[in-house]
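The two complexes that follow have chain A in common; it is paired with chain B in the first and with chain C in the second.
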Partner chain A sequence: MKKVLVILLLAALGYFLAQTFLEIPLGENRIGDINAQKPTAAGYYLSNTKEKSKVANVVTAIVVNYRGLDTLGEVTVLFLATTGVASILYRRKEEEEEVERLNLPSSNIIRTGARVLFPAITLLGIYVFIHGHLTPGGGFQGGTIVATGFLLMLISYKGFNTNHNIMTWVESIAGLSFVLIGLWGLITDHTFLGNIPQIGELNKLLSGGLIPIIYIAVGFKVAVELTGILDILLKIKPKK
Partner chain B sequence: MVITPIHYIVVPLLAAFAIPLLVKIHKELPRIIPGLVMFYNIIISIVLMQQVNEFGYVSEVIAGWKAPWGINLIITPFSGFLVSLISFMGFVIWLYQYRFKRVIDVGELKSYGILQMMMITGAIGIIITGDIFNMFVFLEIVAITAISLTSFYRHRDGAEAGFKYLLIGGFSSTLILLAILLLYTQVGTLNMAEISEKIHLVPQGMKATILVLFIVGFGIEAEMFPLNGWAPDAYSQAPGPTSAAFAGIVVKAGVYGLIRIIFTLFDIEGAFDFLIIGGLVTMIIAEFSALKQTNLKRMLAYSSIGQMGLVLIAFGIGTKTAVFAALFLMFNHAVIKSLLFMTGSILMYNSKDKTISTLNGMGKKLPFISLLFSLGAFAIVGLPPFSGFWSKLYILTAAAGEEMILLIGAILAVSIVEIVYYFRVVSKMYFAEETEHITIFKPSVNAKIAMGILGAVILIIGLYPDLITGYLHNAADMILDKASYIDFVLNSNAPVQ
Partner chain C sequence: MIYIAILIIMGVLLLATAIFAVTHRDLLFAVIATGIISLILSLFFYLLQAPDVALTEAAIGIALTTIIFVITIRNTTRDEDEIIDKKNEKL
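Right, the complex of A and B next:
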């Protein structure tokens, strides 16, 4: 009886939501005239990014520059998620000795394949976050790709260990450099993340001022944090 | 360097990213650094409140893009008041927890320091931002940290409470994101002032759906019935200082979100009646649930939910007196309920099985703590001459001004329930015979100072309410004055820094 009621309630809610979603004007051009006196936000981004930010990929300019505080916030969310997972699954020193990694038996083929793929995956990830201002992708996507490479190694090799010390350093320095770049803008230009220097020319790897540097920092941070989460989650306490 | 609103966010972030490295230098640093950050927050609040008094508001844009194209931070008398309150509470809570659990491991200490500091930063971010999506990002920060802190003691009940909070909190975030998405398809902007300017263009049905999604999403953080299933468990399982921070800080941010959306973003009148009804149901159910509790922290948690119900009622009445009363109540709730959680968790730590019935004779064993707990209990039920009296009086005055007789009756009836369960605890502490001899854990000096500060605030505001009513009147004016908020954000060329 209770289940029927729940299903009916959910169906009613679903119908209501579907009705609302049908009202979304998909496919319509709602950006408006991008050269208007007071364009919409989207129109403003489209018409100004090329000259003002010198970045070919408008999405990257929005993510890292126009809405840079959101990106800093999202980086922080990931950082805090890692800290939270580490805190919930934390083990004291005396407990740590009993812990070993989830040991899945992996065949020779998987191990060899993983070893061959690992450099290629890492390289692809690094490519994606270095070219974030030119092509689709960026720090978050590239960092995730790098982390999948580490996941492959972690599940194929029982003896593969990540160096926590290096990971902490990379994570902290990447995070600090994002904030410090923002602070540099605050000191020189009175706006956080402002004063992006105009170096390089459009469509070249060296362009967009500090935007690619921020994205590279984000890439490193995301890669290290996701690897850290995987490393913590894969460690289990063996049953005695 | 001039102090600007972004410092509230950047300084804690620098500290949070640096703590994992600094802990290698000295293992006490993760304890000390959050305190320095919290102290700096108070300095920022003082400087910015002076500017707000002078110019009416302080606004800042990120990356040099003017609103509505970039993200802007704006401090109005309303948000400035809440941010100052949160900064003050953040520092007091840090002082209380400084030597908390001396035996704690370095690794745990590091996570705890970062999470607690970032939870407070996230709450501040929700309040100072002028951009709806940015608000969502900060809400995520608060949710993630609050969930991790709920399960900080790695035992079964903590994990259960954390998981419950994770599910409900995730649901809340999803709904808010959905609402933001729908709103963006309709108005094409994320800036709250511009949304408010364009909201009349949105069709009525769509507007109602978006508002419902927002209310449910933020209602979860603001502990509104029936969305508050996470609260009693989370409050009772989290470490003591974190419970105090939930009551003093996190809930305030949730209520801020709700109020900003209903008062500034939307122009639907029915939302106010909804607030009254939702608040009333929340208050009645929570207070009667509190009456049944045997665990002290759970009782305090239900009482906290009940108080937030009263805040929502006051906002729902919507007149200037009522909004003023609601803000006064938010201030009182932050100070008093945090004091109750701080003293309560020390009392619990010393009782045998964490129930109210084992508090017999605590008045003699822990005189200072018991005295402060009683002070808090008297203040929160609204006895004169403590600060809680004034806020309750103003709420009743506001309800009387609108001739809502039934509402007055309900508030008074619930106050009696409140008196019953608080006085039950107080009488146990002072008048029941000491049953067992247990070794008493004495709170450290800094914790006593922190609780003493809060006790002093309750007494001083109770005797001289005029000290803060000026700020509260300004804040109440600001909430009701939508036009000048839009004007500040979109057409300002004055004190942009």
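Right, the complex of A and C next:
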């Protein structure tokens, strides 16, 4: 009886999904003419970003400029996820002494490789989030790449410890600066994250108004949060 | 033409890896298979001209998610049958 109900529900869901997808023409140009008198939203972004906000990477312009408030929501989601994991799995100082992180010994090759790769990975991540308005990528991507580097160090070295005080401070400052810059824009420009500095020249590092500043803050925040989650998870004591 | 052929081969590989991940009884193998799915997916995103999505998929899907699942397996159990047996014992 239960199985029949589940199959019926899935069939109904599949029917409506298929109906929706069949209406979308596959492989057709849905952006429309970007020079039209009344372009679609995508067409408007594609034709106006270069001149208006002087950003080479249109995706970044949409994420930070046109949809800045949504990005704040995304950052909040990640913050809440980290807080949830930390509040469930956090250990007090007294318990921490008997905890051993990942008791598998890592081989010499892995340790040497991690030591060589760690600076390169971190540099790539920082490059991705500083150049978010020029090349593909941005704060989230760069932050996750930096966290991957820290993950490599955390699993290959037992003595590699992260300083939780510094991490808390970095996270708070990055999150606060995002909100404060956004509110400053709201006061001076009447829009959340309104562009305050001079917008600059296309294709230069100092262009795009607020985008580099916001993305540096987001990159630090994402990197620190993901590293924190991994650090907490690796400190769980395995059941014997 | 070659482009479409590469896409079709990658799609078949993706499906095969996904079926392997769902059906395999050893959970560690299944988790590694999901990592490989992410690898193929990020190549897909790159070929379909979405490099920023490919970057995210590579960093999160291949590295972070796989490691989190490996930590979970280490703290619980590696064999799927064992979990089912324990469930049946309780019932």
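The working rule: the second predicted complex is superposed on the first by the 207 of 240 C-alpha atoms of A that agree within 3 Å, B and C clash if a C-alpha of one lies under 4 Å from a C-alpha of the other, contacts with A are read in each partner's own complex, and residues count from 1 in each chain.
One rule holds in what follows: contacts are C-beta pairs under 8 Å (C-beta built on N, C-alpha and C of every residue); 3 or more make two chains touch, one makes a residue touch a chain.
What you are looking at is a predicted structure, and each value in this text was computed from that prediction instead of being measured.
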Notebook entry, point to check: A:Leu69 contacts which: chain B (first), chain C (second), both, neither?
Noted result: first
Margin query: Touch test for A:Pro136: chain B only (first), chain C only (second), both, or neither?
Written below: second
Item checked: Partner chain in contact with A:Leu226 - chain B first, chain C second, else both or neither -> second
Next item on the list: Figure out whether A:Thr144 sits in contact with chain B (first) or chain C (second), or with both, or with neither.
Entry: second
Next item on the list: Give the label of whichever partner, chain B or chain C, reaches more residues of chain A.
Entry: B
Note to self: So in the superposed three-chain picture, is A:Leu234 touching just chain B, just chain C, both, or none of them (first/second/both/neither)?
What the structure shows: second
Notebook entry, point to check: Regarding the shared-chain residue A:Gly208, is it in contact with chain B (first), chain C (second), both, or neither?
Noted result: neither
Next item on the list: Examine A:Val128 and indicate which partner it touches, taking first as chain B and second as chain C; both and neither are also allowed.
Entry: second
Margin query: From the superposed pair, tell me which chain A residues show up as contacts to chain B and also as contacts to chain C.
Written below: none
Margin query: Quick check: in the complex, which residue numbers of chain B touch chain A?
Written below: 1-2, 4, 6, 9-10, 13-14, 16-18, 20-21, 60-65, 68-71, 105, 107-108, 111-112, 114-115, 118, 125, 129, 133-134, 137-138, 140-141, 144-145, 147-148, 151-152, 154, 159, 162, 182, 185, 188-191, 203, 205-206, 209, 497
Check: Given the complex with chain A, which residues does chain C contribute to the contact?
Finding: 51-52, 55-56, 59-60, 63-64, 67-68, 71, 74-76
Next item on the list: Over in the complex, which chain A residues touch chain C? Could you list them?
Entry: 59, 102, 128, 136-138, 140-141, 144-145, 147-148, 151, 155, 226, 230, 233-234, 236, 238-239
Notebook entry, point to check: Contact residues on chain A for chain B in the complex?
Noted result: 16-17, 20, 23-25, 30-32, 40-42, 44-45, 65-70, 72-74, 76-77, 79-81, 83-90, 92-93, 168-169, 171-172, 175-176, 179-180, 182-183, 185-187, 189-196
